[in-house]
Every structure is written in C-alpha cells, then in structure tokens.
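Structures incoming, each one as structure tokens.
Common to both upcoming complexes is subunit A, partnered first by subunit B, then by subunit C.
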Partner chain A sequence: MSSVPRFWRSLGSRYNLEGTHCKECGEYFYPPRNVCVNCRRMGELESFKFKGTGEIVTYTLIHTAAEGFENQAPYTLAIIKLDEGPQLTSQVIGDPDKIQIGTRVKSVFRKLGEDGDRGMIYYGTKFIPADA
Partner chain B sequence: MRDVAIIGIKNTKFGELWERSLRDIVVEAGIGAIEDTSVSGKDIDALYVGNMSGGRFVDQEHIGALIADYSGLSRNLHVPATRVEAACASGGLALRQAIMSVASGYSDIVVAAGAEKMTDVGSEEAASALAAAADREWEGMAGATFPGLYAMIAKLHMHRYGTTSEQLAEVAVKNHKNGCFNPIAQYKNKITVDDVLNSIMVADPLHIFDCSPITDGASALVLAPADVAHKYTDTPIYIKATAQASDTLALHDRRDITTLDATVMAAKRAYSMAKLKPEDIDLVEVHDCFTIAEICAIEDLGFAEKGKGGIVTENGETAIGGRIPVNTSGGLKACGHPVGATGIKQAVEIATQLRGDAGKRQVAGAEYGMTHNVGGSGATAVIHIFSRER
Partner chain C sequence: MTIGIVSYGAYVPRYRIKIEEIARLWGDDAEALKNGLMVYEKSVPDVDEDTATIAVEAARYAMARSGVNPSRIGAVYTGSESHPYAVKPTSTIVAQAIGTTPEMTAADFEFACKAGTAAVQACMGLVGSGMIDLGMAIGADVSQGAPGDALEYTAAAGGVACLIGRKESELAAIIEDTYSFTTDTPDFWRREGMPYPEHGGRFTGEPGYFKHVTNGAKGLLNKLGTKPEDYDYAVFHQPNGKFPSKAAKMLGFTKAQITPGLVVPKIGNTYSGSCLMGIAATLDQAKPGDRIFATAFGSGAGSDSFSITVTDRIEEIRNLAPTVSELIKDPIYIDYAKYARHKGKIRLA
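Take a look at the complex of A and B:
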C-alpha cells in the first residue's frame, strides 16, 4: 500500500461504507463511482451510506497472503453482495467453517493491514457472519 | 483494410533465466523471428512490444526504446517502437496493434514482440507486481491476491456447476503432458491429479499446481501484408480475426463471476470477423493462468457449454487428439507465463501448428487456430484467429 494520501482520501468509503447512488437510474455503487455505468454523463450521482448488510457471493481462504497481510494468513476473502445491490471484495473474519456461499454478513470496523513494523496501520471495513 | 500474414516466429526458452537480462531475451526473440524470414532490419517499419511491468520487475520503463535500441534499430534506422500494456494481455494487445498497423497501410513489415523478465525480483515482489493487474484500491487493499481472485471464481463455479478439484487438476495434468513435447517449455515433467491435489494450498480451492509459474521469456512475430507474404516466407500464416473487449477492472463488479464477459464479447467479434464458428477451430491456446481460467475460457469461447468445462476436460476432449486440443504448447501452466510474452507465444504456437512444425505435439491437419489472452481477472480479453490458407 505504502501511500498515506492514497488511503486517506478514501477514508469515508473505507471506514463508513460510503458509496454513490445515481438519482437518474437508481443504481447504487460501492466502491463509489463518479460516472454512472448506465447513464454515463446523463447520470446524477449523490453520496450514499450503505447499511453494511449483505451476503457472500463467493469466497476463498487465502493461505499465501498478499504483501502486508502476512500475519493474518490464512484469511477469508469474499465477494459480498450488499443488500442495496453492489458487490465488493472484503475479508470475512471468524470461523472459516461457518462461511459459505449465501451466508448473511454484516460490516465491522477492523484493522486491514500495515506497512511493515514501523509504517502506517490501515483500518477499514471487514465483515462477520450476521448471526455472530 | 489489408489482409495480414505472419511471416516469422520465434520464442526464447521459457524459464528462470538467471544469466540473461530483459534486453538479452527480447533481442534473441526479435532477431530469431526476423531470421525466420528473408526480411532485413532496414525493411522494418515499426515495432510493438508487450510488456506488463518492466518498472516493477526490472525497474525499467521506456521498454519500446530499449528494445529498438538493443535490436540495432535505433541509432541508424530510427524505427518507431511502442510498448503496449494490458497486464497479462500485453502480448496479445501488442500483436493486435501490429496487425492494425499493417492492415491500415501505415506500415508494411512490423515486428510484434512480447517479453517479461520476472526473476530479477523475489517471488513476493513479483506477486505484488502481478496483483497490480487487479484493482489495487478495492481488491488489493482488502488483501486480494491473484490466486485469491481466481479461487473465488473457482469456488462459485464448483458450487453452481459441480466442477471438482480433480477436474481442475486435469487441466494442469494435460498441460504438463503437452509441455513435455515443447522444447521451450519451463516444465517438461508429467504430473498426476494427486500431485496437484497434494501440492500446497495457495487460495482454496487452488493449489500451487493449479497456478501458472513465474517465468522469464520473450517471443516475437514478424507481420507483412498478405499480398506480399510469399516474398518473405514459404509458409505464411494468415490473420483471420483480431478482437478485443473490456470488462470491469474488479472481479466483484462483473455481471457473472464465473463468466468472463470480455472473453465472450471478444470471441463473438472474432468469430464474426473470421466468418467462423467454434466448431471450425482446430486448436486453441487459452489463457490458463490458473486451471479454473482454462475451464472458464473453453466455456466462454464456445468450446463447451457453460458449466461443462470441467467434464469436457476430464473426458479428454481438450487433449491433443481430442475434439478441440487446448494449449498444445503446455499453456501458461507448463510452458510458463512471462506475462508480457504470453500473448505472442500463443500466436507463435498456433503458427507452428498451422505450419505443421509442432513435432510430437502436432495437431493433425490443423487449418484454423485461435489464441485467447486475458488481462487481470478478465478486464481485458484479446482473441486472434489464424488460418493456414488465406
């Protein structure tokens, strides 16, 4: 990661699941988009805060971690469909045996990763099973 | 538009080439391809080179200029050289740019090359560079790896269609078997389904033997207008179609996680341009960066019904001698995957097959071949169709 401004400028989205909503066609976007994929220049986008509930579309248990995530391995990574419609990629924490396709999940605020021993620590959104 | 032909081909050895630099291997490929024709350096009008990440892998950008220079095409001849980047589809896209350059009439003799030197950095740095083909901000920062993204495709494919880990493993087994007959392949050893299933888990359900390796290698083609191709070679191979399509950068934004719509759309455009159907194609090189990728590819290209890619593979229909041989070169899995070179290597393999020069891996009587090159988890797909007769 290793860029403070790059992370900082999207803190609203990363901490609070802020995305966008097109008033023209009604589609919701997370991660946020500033151009609607349906209406393009004719779209009218507004900020929108997602509830943070949804279900697992697919997932994997990552054993060989991404750079900066080594001490979290193995970790569950999933594509989650938010109830408002959009899909996002996030970690799901908790017992991997309780995670399946279709499992209902909710968002939680957690540490995401870090830049080595002395670098920045990144916080943001992960998910846990909704009944946890 | 003019018809375009391949008049020269060359792959370097693929593998961990510790003693050789990026410029060494790309010059070997380029000069080899030229020597496969009667063209001379002063005939070359343009050079396109596919390279994903010289900046990350060898700390070198401006790859077009570097390659023209060390090929002896700069100081006296000043041949224009352009680097093309679309992650792992960089090579296929370089070929497409070269074809368009000749077809349009802007250029006559054009070299399309691809190269990647991946072992000058450690495997963690290489993996991080490759992960830049995905969405760094919204996949990478969540902890996604490339195997992880394809593992999520595999997981859903298995859930929805009943595809098994054994069927995934069969892709690797077949491609290793094919690689044994390809002199340039990184791996020339046979493996079994058990070898794959017992190899370490990278991202469930993908084992390390479900993944293509880190590879150094370069490939090159020489293109000419079809009308004059026989002046430079006795065995021109004709481009019947070049097609490309885009999809969302992030996997999570796709219409369907188990379908690469970019592949579907590029294939539709390619078949239409060539006036051919899937059943007309005699062999195909698909982008098997992971075993699940080959299964999705044969479905999305129309060689298997959606969801049946695993069964078709298990039944041997994609083996040499089968209904539609897939990845006779050994594919990315066994031949190796120097990312920028792969798209060009695929075309070299098809040209070798259509010339009838593929030795023990020859597909008998091959008339039409296809290449399928993917960038990232499917945000770019490039497809070419080639023929033996014009």
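Take a look at the complex of A and C:
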C-alpha cells in the first residue's frame, strides 16, 4: 500500500476525518491544507473534525480489483461530498444495487488494506449508506 | 467510593449465517444442533472488519452516549482472543480513533471469552484508586472456528465498550462489587501462530464453564449477602443458549431474569463481547433502580461476577447510540461460500 511513516503521518485524517477550516473565508479542506487556497497568506486555518455525513457525487463499481483488494471485488468506489463541502474518494460498503448518485452516506471505521501477512494493517474511514 | 458505568456501546456486524447453512455443508442435523445449542444464526464480520474495527465502532458509540471529553479517559484496555496483531496493541488504534491519545495508558488483554470483563475490573481499579478519571474497557472478537469443528456453529463477531468512572452524577449504572474465580483448567486454547483454537469437547462444560460460573456467582452473592431474587436481571456468559440457561437454573435465577440479555440465539458467541453484550442488551431496557447480576466466563479458566444497579441517568443516555436490538435487526444472510470469503478461509494466490 503506502510506506508506514507516510500512512502514520495521515492517521488523524484517515481515522477521524480531521481536516482544516479557514476562519477568514469559511472554507473547509479535506485532507487538511496548511494554506487556504482562497486567502493565501491572509487565511487563518484551524483543525476541524468533519461529521462524517455526506452524499455520493458519482461512483464506479470495481470488478478488476487492485492488488490487495481481490477479496473485496466487486466493490464501490465513490466521490463523496461531505456536508461541510469538501469531496473525497472512498470505498462505499454495501450492496452495489442500493448505491446511487445522491445516496446519503455516513462514515465507518474499517480496514483499508494490509501489506500481506507480515506487514502493517491500514485502518481508516470508509462510508456506508446512511440508512444502513 | 462509588464506581460504575458512565456509558456503554455495542457493535455487531450486519452479516449472519444460519445454522442450517453450516450444517448443510458438513452433513450435520441442523434441528438437533439448534435444539442442543439454542443458537439459530451467528454474526459474521465483513471482509474489512476485524477486532480493531469492531472495538472502535463500539467505543465510538460509548463516546456518543457519554458526551465526555475524550481527554478525560486515562486508560483504554481491549480484551480479545483475536487481536489483529500478535504484537501491536489494538487499544492504541482504538485510543487514536476516539481521540484519547496521548496522555493515557493502553494495553491489550487476553483471557478467552472474559478478557473484556477483566478490562472492566482493571479500569475499576485504576478509577477507584484515583489514578485515572475515566477508563474505557472493551471486549471484542472475530472469533475463529475451524471448518467442520463444533465451534463453527457459534463462533461469531461483535464487541462492547464500557466507559468506567467514579463521578456519581455521571454514572448510568453503579457497579456495587466484583468477584473472580480462577483456576488452571485446560478446556480451550490456541497455540501461537495457529489459526484455530482447540477445545476439550465436553470437558469444556462441567470442569470449565459450570464450575467457574457457579462458584464465581456464588462467591459474589456470598460476599454481598444477596440472593438471586434480589436482582431484576441476570447475565451469564453465553457460548450458546443452553449453558447460561442451565447455569441460571443451577444458581436459582429464573428464565425471566436472563431473557433480556440472552442475545446468543440471534448472533452467536461474541467471545470477549459475549457477557458484556448481554449486559448492554439488559441496560438497553432496564429501569432506574433495577439490579443486574452478571458473570462472565473465560476458558483457561476463570469467571468475573458483577453486581450492578441502574441509575436515573440510564434514561438520558440510552437512545444516544443504537441499542443491541437495533444493531441486530435487519441482518444480511449469507451462504457458506460468502462466509468462507468473509472469514478469510479462502486463501487467494
């Protein structure tokens, strides 16, 4: 998957949907940004934990899985718009027939992948339909 | 000093496999198994769920019910016999995911099916001594049963988290006392590196479960000077439906007392989550002032008994997270092929 230190540095955003919020213009960022793209050096960013609710903007059903995901195929990958504004790409768990553009979703804590039998197990956020 | 449960949270995966489906594969008599075990279906984790994800979901529900600042939690202990790493604590993953890090202590517990209640006792000690303000104790498992083994009919997945504290205004239930009964009894084990546990068949019954559950329960009743009829509810470790029913009868508890907490027929044995799941299901419907008697059992072997009194606060927190009955309704049934895939019994090249 990724290197251990690289994943470890993003634990906050992976586990708890931690991003940033610009107090100057009000925009939210996920993953977290160090500088506000609107306000540049005039911006004032604060850490922000997203609620974890949103809706599916678009999605695709993966049948030919990437290495390490063979056991999960077919699975849904979606672009999700969080209620606070930012969009992110995530797996959506559940029956693919019940996943549509506009489906409301909520975050859950799941295994994202692992480096074989000996390597690290990567945990983080995925989404499920909100009515599940 | 008063110590008790500030809040609790349970989690059960959505998938189920019926006893008939497992019996179909192995040519067993499903009706005889259902009648003997008093288990009709069991929970199965999703392909991306394990003990850590279940522990996190249960702990997050406990946090949602409590409303406390996570930085007040001084210890996170997770009991399981299926920790995802042999070395690397599940509890650090949980602590990070509920935001209690870094000023806290954490460790993983293992004592077959009673590791979760051992974690509760450890938190009671730390909270009671004033070493910490609040402690999170979790029992969670994705338990293993070898294909074709009797355990496969009951080994299930689920977890429960209990936030233990001492501030009386915050307690949803007071733990009046606890008592443990422990011996070296080799009724069940799993050697390092082995995928499935071994067990002593019928040897797990009398010298294992019944000896430790009845002595542990009697020990606490004697210590407190209470009788079974002093309690509104009772929970005994539920590896199947038959054992806790028989233990209750042996001790003088009634069917009505154990029924609210007896969730094993619908979800199977959640191992380290088992007794705590029964306590959670009972707290879901208990009224202020009700008393709950609970005894957890872990092979190897030992039992932890608890005497609990529910407070007024239960009504305020109960509906802030899903109840056990809400978690187990609307299951998705899968066949043995999908079950094998979910449990990693199929090794991909």
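Methods note: the second predicted complex is superposed on the first by the 131 of 132 C-alpha atoms of A that agree within 3 Å, B and C clash if a C-alpha of one lies under 4 Å from a C-alpha of the other, contacts with A are read in each partner's own complex, and residues count from 1 in each chain.
Everything below uses one rule, namely that a contact is a pair of C-beta atoms (placed from the backbone, for glycine too) under 8 Å apart; a residue touches a chain by one contact, two chains touch by 3 or more.
Every value quoted in this text rests on a predicted model; they were computed, and no experiment measured them.
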item	value
Combined model on subunit A where subunit B meets subunit C, clash or fit	fit
Subunit B versus subunit C as contact partner of A:48, first or second or both or neither	neither
First, second, both or neither for A:28, with subunit B first and subunit C second	neither
Touching partner for A:72 - first (subunit B), second (subunit C), both, neither	both
Partner chain(s) touched by A:93 [first = subunit B, second = subunit C, both, neither]	second
Subunit B versus subunit C - smallest C-alpha distance in the overlay, whole Å	13
Overlap of subunit C and subunit B interfaces on subunit A (superposed complexes)	72, 112
Subunit B partner contacts - residues on subunit A that touch it in the complex	1, 6-7, 10, 14, 31, 57-67, 69, 72, 75, 77-79, 86-91, 101, 112-113, 122, 124
Subunit A-facing residues of subunit C, complex	14, 46-50, 52-53, 56-57, 60, 84-85, 93, 96-97, 99, 332, 341, 344, 346, 348
Subunit A-facing residues of subunit B, complex	124, 127-128, 131, 137-145, 147-148, 151-156, 159, 200-206, 250-253, 257
Subunit A residues within the subunit C interface of the complex	11, 15-16, 70-72, 93, 95, 108-112, 121, 123, 126, 132
